[in-house]
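By written order: A, B, C, D, E and F. Residues from 1 in each chain.
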Amino acid sequence: MPVVHIYMFEGRTDDQKSAMAQGVTKAISEAAGIPDSATTIVIHDTKRSDWAQGGVMASDS
Amino acid sequence: MPVVHIYMFEGRTDDQKSAMAQGVTKAISEAAGIPDSATTIVIHDTKRSDWAQGGVMASDS
Amino acid sequence: MPVVHIYMFEGRTDDQKSAMAQGVTKAISEAAGIPDSATTIVIHDTKRSDWAQGGVMASDS
Amino acid sequence: MPVVHIYMFEGRTDDQKSAMAQGVTKAISEAAGIPDSATTIVIHDTKRSDWAQGGVMASDS
Amino acid sequence: MPVVHIYMFEGRTDDQKSAMAQGVTKAISEAAGIPDSATTIVIHDTKRSDWAQGGVMASDS
Amino acid sequence: MPVVHIYMFEGRTDDQKSAMAQGVTKAISEAAGIPDSATTIVIHDTKRSDWAQGGVMASDS
């Protein structure tokens, strides 16, 4: 506890993902008083052709 | 707001996904009084070998 | 198949949700060639105090 | 009903996934009194480089 | 690892949920060779008025 | 983009949730080079009686 699912466009490097996981974990622990070790993060790379805003695919905008 | 996650079998074309995103966005805006621009849709292509109904994988049925 | 999760602010009436489910189901069936009966929709009412955009809770904006 | 999403490291074989779907479906039906046929399971294979525990990517631990 | 989200109608007792969590955890460990302790399960009670199949709310069917 | 779902035990105050959303948004923007305004966060309060680790409900441990 907690479990965090992050959905974002593919293309981030492993180093960026690692830095993101560290930062998000720390932000949760500081704000909510939860030990770092308790936080699970799952990153879901998503293609622009699978993501729409306002009915328009991100690959078309 | 809103955020919509759609899980379905892989195999739809980009044109089908685009039409689906347009239609779903419009359906939400008409029913719930939400501007089109506010709706985010994430499509999750799923293999038949990762989907089960009644304990039977879709790839086996 | 498919499974659709819709996350939105609480406050829509049952009639609005029903119209939304009908419209979303029809939009998917028309765009992707899937029978209406195959689509499952789960609506997740969310409090404005549990939703943030740009780091600001919707209840504060 | 119900819908089950399982997020786990990639690498399980189709046979393992099939056995898992059967077992999970049976466990739900026995505990909750739901017919097997009603349960939908979606398995989400996840790379170790997309999964973090305690701020550390599983690919680095 | 793994993380399991179960969406189902509200109304199960705590005893049923506990038996379900035990059974699902055991089914995953047996099929996929994962220690029981590694599995996280989150149960999401859902109102029939927030669940639709084939465009019809479960509360209306 | 991105969309973040955070599942955690209920009981955090609105101030804690607000600080968490700010921190998580900033962590993502710094690590992944994404403007703060693009990040949507949905917090899902979960009862201990709906959360299991190792097959044991958090309300029993």
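In this section, a contact is a pair of C-beta atoms (placed from the backbone, for glycine too) under 8 Å apart; a residue touches a chain by one contact, two chains touch by 3 or more.
Worth saying up front: this structure is predicted, and the values here are computed from it rather than measured.
Visitor: When you check each chain against chain E and chain F, which touch both of them?
Guide: Neighbours common to chain E and chain F are A, C.
Visitor: Any chance you could check whether C-D or C-F wins on number of contacting C-beta pairs?
Guide: C-F
Visitor: Which listed pair, A-D, A-E or D-E, reproduces E-F with over half its contact pairs identical?
Guide: Overlap exceeds half of the contact pairs only for A-D.
Visitor: Please state whether the interface between chain B and chain C is built from the same residues or different ones, using more than half shared residue numbers as the mark of same.
Guide: Chain B vs chain C: same; shared/all numbers exceeds half.
Visitor: How many Å are there between the centre of chain B and the centre of chain F, using C-alpha atoms for each centre?
Guide: A distance of 24 Å separates the two centres.
Visitor: Return the distance between the CA-based centres of chain A and chain B, expressed in whole Å.
Guide: 20
Visitor: List, in ascending order, every residue of chain F touching at least 2 other chains.
Guide: 1, 3, 5, 7, 17, 22, 24, 26, 40, 42, 44, 51, 53
Visitor: Looking at the whole structure, which two-chain pairs count as touching?
Guide: A-B, A-D, A-E, A-F, B-C, B-D, B-F, C-D, C-E, C-F, D-E, E-F
Visitor: Which chain C residues qualify as touching chain E in the complex?
Guide: Interface residues on chain C, with respect to chain E: 5, 14, 17-18, 21-22, 24-26, 36-45.
Visitor: Within their complex, state which residues of chain E touch chain A.
Guide: Touching chain A: residues 1, 3, 40, 42 of chain E.
Visitor: Could you please specify the touching residues of chain B with respect to chain D in the complex?
Guide: Residue list for chain B touching chain D: 7, 44, 46, 49-57, 59-60.
Visitor: Under the touch definition given earlier, write down the residues of chain D that touch chain E in their complex.
Guide: Touch list, chain D to chain E: 1-9, 12, 16-17, 19-20, 22-24, 26-28, 30-34, 51, 53, 58.
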